[in-house]
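Read through the structures below before going on.
Shared chain: chain A. Partners: chain B in the first complex, chain C in the second.
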Partner chain A sequence: MASPAVTSTDTLHRSSFSAKARSTSSNAVSTYAAESRRTRRALLLGVAVVTLLAVVSMFVGVTDVSLPALLSGDPAAWEIFWISRLPRTAAVILAGMAVAVAGLIMQLMARNKFVEPSMVGTVESATMGILVATIAFPSAALFAKMGIASLFAVAGTWLFLTIINRLPSRNTLLVPLVGIMLGGVIGSITTFFAYRYDLLQTLNTWMIGDFSGVIRGRYELLWIVAAVTAIGYIAADRFTVAGMGADFTTNLGMNYKAIMRLGMTIVALISAIVVTTVGALPFLGLVVPQLVSLFFGDNLRRSAPLTAVTGAGLVLVCDILSRTIRFPYEVPVGMIMSVLGAALFLILLLRSQRKEASRPRA
Partner chain B sequence: MTSTRTRSGLAAKRFSFSAVTATVALLALTACGASAPASSSNASGDSSVSSSTSATSGTITVEHAQGSTEVPVNPENVYVFDLGVLDTMEALDVKAAGVPEAVFPASLKEYESVDKIGNMKEPDFEAISEGAPDLIIISGRTAGSYEELSKIAPTIDLTVDQNDALNSFEKNAEIVGDIFNKGDEVKSKLADIDAKIEEVSAKAPEAGKSLIVMSSAGELTAYGAASRFGIVHDILKFPVAADVKVDGAHGEAISFEYIKEKNPEILFVIDRDAAVGTATGAANAVLDNELVKSTDAAKNDKIIQLDATNWYIVGYGLNNTLSMIDEVAKAL
Partner chain C sequence: MPKTAPAHPQSAAAISSSTTTQRIPRFKLTPAALTVVLSLVAIGAVVLFMTFDLKGNLGYIVPRRAIKVSAMVLAAVAVGVSTLLFQTVTNNKILTPSIMGFDALYVLLQTVLVFTLGGTAWVTVPESFKFVIEMVLMVVFAGLLYRWLFTGGNRSLHLMLLIGIVFATLFRGVSALLQRLMEPSEYIILQDLFFASFNQVDPGVLGLAGVVVAVASFFAWRMKSTLDVVSLGRDTCISLGVNHRSVVTRVLVICTVLVAASTALVGPVTFFGLLVVSLGYIICRSYKHVWLLPIVCLLGIIALVGGQFLLENIFGFSTALSIVIEFVGGILFIALLLKGSLK
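Entry: the complex of A and B
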């Protein structure tokens, strides 16, 4: 698994963030082993923190469910726990993991660290899909609507990747800008039709993530997302290689197009399912992979679990906040996510700029 | 290869900050634009009005939410943005010549084919200007366009004040009566409403504590007294199950746990998806869950679906207020 190809990928990518890039290939291998240990420790710590947050999350709510009540077998407390608390916490973790990993895969596919599904038209397309389904087949089952949303999301992602592949330059700034423009165009078409059909406020509910409606029987589709995320993890090395570009991938004897198709499907499915069940979670797919790659590099096999755990943790924090800020009412989690995510991203950028300034030019 | 990458990486760092600022600004803008309230009526109402010149049957001065306006009596060509006022006019048998695009209730179906003057929140200024109305009547959803509309024709804002809904509505109905010379008819209709209110509010305090929720796209918001649906508590005297403080037109977002915890004996439900014509029975699906079923309201079969069009779209009108009270009375 630790083939030379993967190692070089790792060092190459890290060059933009870490000074260790100037290491020779022989000690790169030993660095690789050390990094793996560091990643494993971080992952364990992350899992511990997420577990703690999950426990906290399960005891936050309008109804009083306390640990002593649960331990004493109070049936009313257990009822709330099974119907409302556990599903909500599970939904938060599943959505957080999946959206963060989708962001990571998207960044590798676009070969750009400044993109995420909700920025380049994937989420906008998924939303358009639900809107079309809502207008055309108002009584269709959720599953059917989700299917249509997924198809739209695949189409939107494909359009984005096609456009950026034809760009004359792969300027780091140009790719997200094109994504924002494409997302804007798709978003405005969606808004126009929502406006015509008096669905603007309904559209809003999809665009702003909100877990307030999650109870047993209302979130289970998110388990599909977990499966899709797992497939993303299994195919991790391929995305890492595809992240090096079409020629590089083909030279290694791999089918670049097939990898891209797989990535696109994974990202689109995750986006569509999350948007239809809880709504969009902005910035998550951007900030979390950035954060993880800043500290642990770009090898997806290694950073995917960390990305997933960090994503889950971040959404858990936001959801706990969303339930407590205006207790007993709720604030949409998407709103808190936007504020927190934007702040985090700014901090990240300012940090890396300072680093850049202090580092000797290569 | 390494060197080009590094160079583009450096360039990225230099530009990334502005890119992100742009992204943040863009997101902030979309968020603001989406949630901008429609009822941002300006307090400093410029009450100077270009009074209409054709005073065949004289004019009267109308005091309304945004000042006072000189209005022709018995105007022919009236544009109405508020479906509650339209309902009042229907009750008085006078017709509007222009109405917004809307989901019209059965009682106002004929207005589907009447000239359209924009939608419920945004006037189509060109169409209005072209139609040269004698009078424009607006309300909360279009309150912000008062100044602009006043330049086209005498405009009055008949917003119902949610803090004093009944009096405010009655005052508005009387204004409409005065404008169309139907003051006596308004009085008798208002007397009917008052009688109905007295009948219901006599029994309501014993009917059990109640909660008003609206469902929209699978999510729930709650309303309390002094909200847009506050007539249930404020005027009809149903006791509240929860002291919901609401600012804004769409209530407070709640979880199903909230409903279970407050355990209302009567649950009034407004199905917004049905009101805007996307799905029928959406609220039923949303409320069909274990937490809601464990409330007293569900056990006593007191989950009352209020007609979403009547409550959410039309609101206070001479005919519709009676229908709304009748619906609430089903809980008795």
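Entry: the complex of A and C
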């Protein structure tokens, strides 16, 4: 099939094209170097901002943990710091990075900029897996439950990719619609059984991302997510190629199916572990890769670290907001995420439409 | 005007295999006969619901069941009519007011009102006055927002759907956030309103909603011939001398009022309208609103009352009907997308 590959290439390079168009005078090579430099500078700036936010985040909270207290060696302050503050900030950064990168990989696999794991049924499937694990093996360890959740998440992702391969037209906006509805159907099955087994309330805590329960000993599995994200980064070029389509990938002598399997596993693992430890972070995987590609193009090797840093920064901001907006109470970060994310997504949608309208029709 | 009633079964089969699947006449009844049959089934469902296993304190049970049945009938009519009208003016078979976030907007509006005015102040306002205020605000907001979406020339349908879904998500998100920020005592005032439930319907709201649904449906009924023309598409409709923009605006107002009424009555029910209207198109061999309107309403009543009856008395659930609707409706939606009824 030729046409999907063409459209995907078009969408993939649209933003880098516009970036290039701005510097038409220079030749391609120096543009590439300039872009690399620009990306590197943005990455450094991003890391600096995230570090700053992380420091701020560690000093926000009901119990007073101030810098002077820590410096003077106050044991109570240090205890809070080690047990609660540091783990929480680490969890926020890890989850933010991982979910954003998972969204990026998902977008390449589905060859569509408007999808992310929580939009196509991956997160809903993971939640269903947790429900099944809770009902079938109530005494199983968290690790086992997470394994079951990951299996369900892989199955859900596979189902989505199978369905969109059969769509009559590969319309950019049709793909996320099918995904949202698939997520809705899977979610309703989960709700149905949760309702029967009186687990609805427990389920709701998984569906809304919340870092308030994160203390030492409760978040360490997120480090696995960091490792998985790193694998995703190492395999970045493969996903870029896979994003060009099955035929293109095969022509380059690569195993398309194996790359897709790897991608699905990475996305599913990240979704399942994040959902089981902190809950869903809606729109994060959707908005962050889009914003990054809007400003820095679609070279995955270059944009993946930026995506990770931006994701971490966004979740840090939301988490700090969630703790201060109704101080001393806390609002689940998932709620702030969904409002902010939905608003950003709407802006991106309407923007893409305006661009579409102003472009001459081919 | 597409002629939809082929004279011979063979020609029907030929049409079904060639072009649109909606026109397959699976039921060999004329629309009029179909309406009669459906009316009988609907009455049967209501009677069954009212009388099944009727024992104990009748003075307590009968009024309770009557309120419940009336709420379901009103909700069925409101959702059915609003979805049908909405699909006609947007000229597609997949958009519904609830997918576009109408009921989420209603919930948001109520949340914002309680949040800004304070729960105690809001409680002292009489129920009927409250309903009117909400209705007016809702019509203004939805009118501005959706008129901008639907009359803006040739926008892609997929884009509109996606925008609608994201708007719905945004409205729900903001409502949820505001509800979290409220005082617990104020939240209690709100929370009863937001669950699709036919069990706790206030008789006062029921009467008011009844009037609203009746009036809105009357106006919808009066527009039935215009709607037949509008269903031909924007350009055809304009060249036939119909003021498209004004019809769309009027229909959006009717839809808004109906959605507000049904949401106030039973809470949000996302896919119910899609289910009923799709079914209506399949079994009704006509595109005329004179038949579609009553058939869709009757199907809605049968589905809601019958479904609730089955769930309560056969499967032993109490309020899970909305979950079942969500499940079946979601699958139908994917099937419609896969079949490519959207272009």
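Note that in this section the second predicted complex is superposed on the first by the 322 of 362 C-alpha atoms of A that agree within 3 Å, B and C clash if a C-alpha of one lies under 4 Å from a C-alpha of the other, contacts with A are read in each partner's own complex, and residues count from 1 in each chain.
By definition in this document, a contact is a pair of C-beta atoms (placed from the backbone, for glycine too) under 8 Å apart; a residue touches a chain by one contact, two chains touch by 3 or more.
No experiment lies behind these values; they were computed from the predicted model shown.
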item	value
Simultaneous placement of chain C and chain B on chain A, clash or fit	clash
Touching partner for A:168 - first (chain B), second (chain C), both, neither	second
Partner touching more residues of chain A, whether chain B or chain C	B
Touching partner for A:32 - first (chain B), second (chain C), both, neither	neither
Which of chain B and chain C A:114 touches, first, second, both or neither	both
Partner chain(s) touched by A:138 [first = chain B, second = chain C, both, neither]	first
Partner chain(s) touched by A:349 [first = chain B, second = chain C, both, neither]	both
Chain B versus chain C as contact partner of A:178, first or second or both or neither	second
Which of chain B and chain C A:207 touches, first, second, both or neither	first
First, second, both or neither for A:331, with chain B first and chain C second	both
Region of chain B that runs into chain C when the structures are aligned on their shared chain, from 1-9, 55-63, 127-135 or 163-171	127-135
Chain B and chain C contact sites that coincide on chain A, given as residue numbers	114, 171-173, 176-177, 180, 184, 187, 282, 326, 331-332, 335, 338, 342, 345-346, 349-350, 353
Parts of chain A lying in touch with chain B, wherever the complex brings them together	12, 15-16, 61-63, 79-80, 83-84, 113-114, 119, 134-135, 138-139, 170-173, 176-177, 180, 184, 187, 197-202, 204-208, 210, 212-213, 215-218, 282, 323, 326, 328-332, 335, 338, 342, 345-346, 349-350, 352-353, 356, 362
Interface residues, chain B side, partner chain A - complex	1-3, 5-6, 8-13, 15-17, 19-20, 22-24, 26-28, 30-31, 34-35, 103, 119, 216-220, 222, 250, 252-258, 260-261, 272-273, 276-279, 286, 289-291, 294
In the complex with chain C, residue positions of chain A that touch it	114, 163, 166-169, 171-174, 176-178, 180-182, 184-185, 187-189, 191-192, 195, 282, 325-326, 331-332, 335-336, 338-339, 342-343, 345-346, 349-350, 353
Complex contacts: residues of chain C adjacent to chain A	155-156, 158-159, 161-163, 165-167, 169-170, 172-174, 176-177, 180-181, 270, 317, 320, 323-324, 326-327, 330-331, 333-334, 337-340, 342
